[in-house]
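Across the two complexes that follow, chain A remains constant while its partner is chain B and subsequently chain C.
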Partner chain A sequence: MGKMEEDRIDGRNANQLRPLACSRNLLHRAHGSARWSQGNTIVLAAVYGPKSGTKKGENPEKASFEVIWKPKTGQIGKQERECEIILKRTLQSICLLNVHPNTTTSIIVQVVGDDGSLLPCAINASCAALVDAGIPMKNLAVAISCGLMEKGSVILDLTKSEEEKLKAFAYLVFPNSPLTVIPKVPLSKEQPIEQGIITSVTHGAMPVSGYFDCLDRGVAACAAISEFLRRSLQKQSPEDTSRAAQ
Partner chain B sequence: MEQRWGNTWRPTINEKQFIEEALRSEIRVDGRRLYDYRRLTIKFGREDGSSEVQLGETHVMGYVTGQLVQPYRDRSNEGTLAIFTEFSPMADPSFEPGRPGESAIELGRVVDRGLRESRAVDMESLCVVAGKSVWAIRVDLHIIDNGGNLIDAANIAALAALSTFRRPECSVGGGDSQEIIVHDPEERDPIALTIHHFPIAVTFAFFSEGNTLVIDPTYKEEAVMGGRMTVTMNSNGEVCAIQKAGSDGILSSDVVRCLRIASLKAAEMTTKIKEAVETYNAEVALKKVKRHPLLVAQKITVPDVAMKEASFEKMKNSDGDMESSPNQASTSRTNADASVGRPKIWDPYSTSAPSISSSQLPGTVGTSNELNEDQIMQTDEESKPDLRNDQISGATGVSSAIHQQNSPPKSLKDAVKPKNKRKKNAERSAR
Partner chain C sequence: MTQSGQMETTTIGGGEGATGMAAQMEVEAFRRLFPLPFYDRHLSKSVRPDARTLDSARETTISLGPVASADGSALVKIGETTMLAAIKLEVMTPSTESPDEGSIAVEFYMPPICSPMVRPGRPAEVAPVISQQLSDVIMSSRMVNLKELCLISGKASWIAYLDVYCLNADGSLFDAALLSAVAAFTHLQIPLVSVNEEGRVFTVSGEQQEKTKLELVNKEKRKLSIGNTPFPVTCVIHKEHILVDPTAEEEAVMETSITIVLDTLGNLVSIYKPGGVGLASTATIKECISRTKRRMQDLKIILEEAVSVMEVD
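Moving on to the complex of A and B:
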């Protein structure tokens, strides 16, 4: 890590993330809400719990999700639609779909600030909002953006200027690391928990070895982010009353 | 879609009767008096021209952006102002995405009339080259949470955002003075908009055939009310817009009463908004000033002119160390990698770390100084990340700022100590 000669514009190290902040339960009408910020990229996500009925074309034997992506300004275009689709598929894979069949859960994502890594930020925010709403899930999803520099080194958590300059970068989503009940077993750093990758979105051409480098770094970073996510979700203890009745 | 309709909140008969009964004794369900506003909070985002307004449970965000366009032919020397309202589906389960509903359009029109048609914002100063190029200002209002009285909240959000919006300075240059050069904000300071007056919208709700009149209805009261009227006035006592669309009729004497109440409320609201804007501008100015210490090498005890004298004195007295670090971003898991010539960062491992953004003023710096020098945070977390601490653990290689306390300060300080060559290590270990 000290071998990284190239400095990033904001002075971070290759493996350093921007400051993370997560707060839950911000809105009064929404059943669940969360605000996630990574540096200057801030996303607000709200969840309205299971409503009866599914849309046309959805499987009525399972719960379905509806994602609405709201950009900061401007019309909704193709890019926003793409983000909606990716988000929907990611969240569908982590939620338990058999608990409430024939229902639709709506997730609304509002972009408050965009400084790169917008999709990972949105995924993290939506995950926290789903937890806040109490939607049953298998595990949480933790997302990170990895960029590949020219010399093959991987940098994490890209800003907008870095995304524009890099030849290739990827958004990766992993399931969060499970909470071990065994106290203080020092996890050897060489074996990250293999649980598979939920979502991967790449931009630009990268060599295969570069992609696998990104994956390795991504897994390690997501372990740290999922720690943070777990801690911040536990902090605000659940004395809030259920809003689904209102 | 039936599922949306079925999911709209409807008041129960009990709620309806309770609200009306309470109003007959001149109390409201949340304990306010009839002509009281809910608590108003105005916050600003990181960029110029973004505001977040919370009026009780109602939450509205406003963003202002500007673009150079060709002017309208009949107004060739005036800029344009356009207001776009987004009723986000997250605000209310009955808001649907896509086409704006009636209330969204009505809100947009009322805010538009109040701001644009009353000429609150000076349009002629937005002209760059008459007939060719003018600034088109676009205000986006996002309704995030519907707690009732969206018009007033959205209006305040629009005004707050417009007050803090800065457009880049542009000049006419080029060979035949036809080329327009837009200057970078770093080179030339961007310019604020000229706002002549602040039109404030005040919404009244009528109950029981106009006998009871309240201000700032909550969404439960809105579902139960008989009618509503919105009056947009400024602090000069001028009526900018009145909107009363249908429902119960009210006497003209009541209308006059409303106007009188509205003018009082408008004056109050104007002062609140102006105060919030001034506080924000002061913070921004402070932030600009603090940029300079970063470029100076991390010499200790160099009297940096950019820092406020008072705070500097106090810090000097405390430990003789003067490393102002605007960023307190990193925590935990520090490791042996020495900082490679970047300015050293103050480690805010103390217990009350999160109280960051308020501690910009020298007064608070001074008070916190007594507790622990780690609590002296010169800026808030929004400052440039280029001052991030690079002491991170090797293996996972991740350092993230966590905005809550996650480990007892002592252990982290112990972890950090061997790396730092600061003088205050001696002090700390002595404690």
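Moving on to the complex of A and C:
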């Protein structure tokens, strides 16, 4: 099946993700915080809120979000602003906006290490931080990066050197797979994708079939990541008091 | 009920999403107070408030060369959205990693003229996003071969400063911006250049060309050969409807937009869906891609007509 695929620099095969680690409740002053790492890409996210009032121009009948992206080094430029907007729109789509209208929740993302797949790592970290803060959400968002090699094969979870070498890659965000209590019925192939993608950002030109290949692989990988996310979020002890009250 | 939002006092009887007090109301007031039910009513009949069908784009015009002082320029209008792109070339020394390539610097501006939401102290949120997207797409589509921007390998090459100004923001900003950038590159004429005794490269105007030795550029002002041209289409997804080429109002009401850029070879240059309430299933994406292909044919014809009009002059 994969005999003719090129080897990746760090020896992983095409479908293998880097080691994932997620820890919550790291920052004492923030209402919610999480640290997510995929290999050497490490992102720390903190959530403050909800605070009363919305910014000018935002709809006061819904909760609004504000994202601040802090790069590891250097000044804040266009790249950071773009990531802020993508993160904001993605998180707006998974949160229940009608529960706390006329409030603002701030999410601060600090890049601790950047070794590729930075935006997916940040989305995963922000999602875990929102859970830690107790912000009401519909489902979780799980993000993955997929790259397309020259021969058309798809590799997952790119490192920085792979991102620079590859002709085309995509960052995809899916809603996490639901946990069913009814006994497992065999799902048809189409069913997972019927839920659709929340966010897609691509770099480089790729054939249309290549993009749909990335989507298929991405859905499968996100099922694995959402399993991991669910396990690590459940590990926390139930006597956690809400930080917002302090 | 009239379908083209005119200012008559047509009343709407008891809309579904309206509360009791909205039993008799003017169209304009209903549009402002209950935008989603207003659009739902239209979408159920498969039209839009400006009488377009769901998959038709607004009238697009391209005119080349409005800025005479720039080396290449274009003005693009998609409906009311207006973008002005201009390219100025300057000579610079190329970097050591790529000594025989020029470079392109892309800047996108949204001055306060374009929209009431933009003020001098309050820049538009989407401006850096579109700026970043533009430079990404221009580089990844390989529309411009950077080697053509080289003058003397290792010593001198062109840097093209592409500035895109939004003059009127009414939805589909990225579409108009990319189209104007593509048109400006098509219109670009590289000026004559020669080397003086110290080895410095300087531009030469038409009258001086007999006296100097033109060892670099051909005798005629050169045009860049544009490779695969990227063409963008923005769609907005609302429940099961896909609306092509949204206006600013449609983008604000239905918050999920997806921008697809295809090039002339049929490759996908970019799929950009920055979050949003609606999810895009595979079927939706395939539908958007087919709409993009159809629109691309129209845009190609419009661009070719604009180029031929320019060459006649």
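Heads up, the rule we're going with is that the second predicted complex is superposed on the first by the 232 of 246 C-alpha atoms of A that agree within 3 Å, B and C clash if a C-alpha of one lies under 4 Å from a C-alpha of the other, contacts with A are read in each partner's own complex, and residues count from 1 in each chain.
The definition used in the following text is that a residue touches a chain if its C-beta (ideal position, glycine included) is under 8 Å from a C-beta of that chain, and two chains touch if they have at least 3 such contacts.
The structure presented is a predicted model; accordingly, all values stated were derived computationally and were not measured.
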{"item": "Side-by-side fit of chain B and chain C on chain A, or clash", "value": "fit"}
{"item": "Touched partner set for A:164, first chain B, second chain C, both or neither", "value": "neither"}
{"item": "First, second, both or neither for A:199, with chain B first and chain C second", "value": "second"}
{"item": "Touched partner set for A:57, first chain B, second chain C, both or neither", "value": "second"}
{"item": "Which superposed partner A:40 touches (first chain B, second chain C, both, neither)", "value": "first"}
{"item": "Angular separation of chain B and chain C about chain A, which is computed from CA centres of the superposed model and rounded to the nearest 10 °", "value": "120"}
{"item": "Touched partner set for A:78, first chain B, second chain C, both or neither", "value": "second"}
{"item": "Which of chain B and chain C A:18 touches, first, second, both or neither", "value": "first"}
{"item": "Chain B versus chain C as contact partner of A:93, first or second or both or neither", "value": "second"}
{"item": "Dominant contact partner of chain A by residue count, chain C or chain B", "value": "B"}
{"item": "Partner chain(s) touched by A:207 [first = chain B, second = chain C, both, neither]", "value": "second"}
{"item": "Nearest-approach distance, in Å, of chain C Cα atoms to those of chain B in the combined model", "value": "14"}
{"item": "Contact residues of chain A, present in both the chain B and the chain C interface", "value": "none"}
{"item": "Complex contacts: residues of chain C adjacent to chain A", "value": "117, 125-126, 128-129, 131-133, 136, 140-142, 228, 255-256, 258, 263, 266-282, 284-285, 289"}
{"item": "Chain A to chain B touching residues, read off their complex", "value": "1-2, 9-21, 26-30, 33, 39-40, 44, 46, 48, 51-53, 68, 70, 72-73, 104, 106, 108, 110, 112-113, 156, 189, 217, 220-221, 223-225, 228, 231-232, 235, 246"}
{"item": "Partner chain C, residues of chain A touching it in the complex", "value": "57, 77-79, 81-82, 85-93, 168, 170, 173, 175, 190, 193-208, 210-212, 215"}
{"item": "Contact set on chain B toward chain A in their complex", "value": "1-4, 6-7, 9, 45-47, 57, 59, 61, 63, 65, 84, 86, 88-93, 97, 138, 140, 142, 144-147, 219, 329-330, 337, 340, 342, 381-382, 384-388, 390, 392, 394-404, 406"}
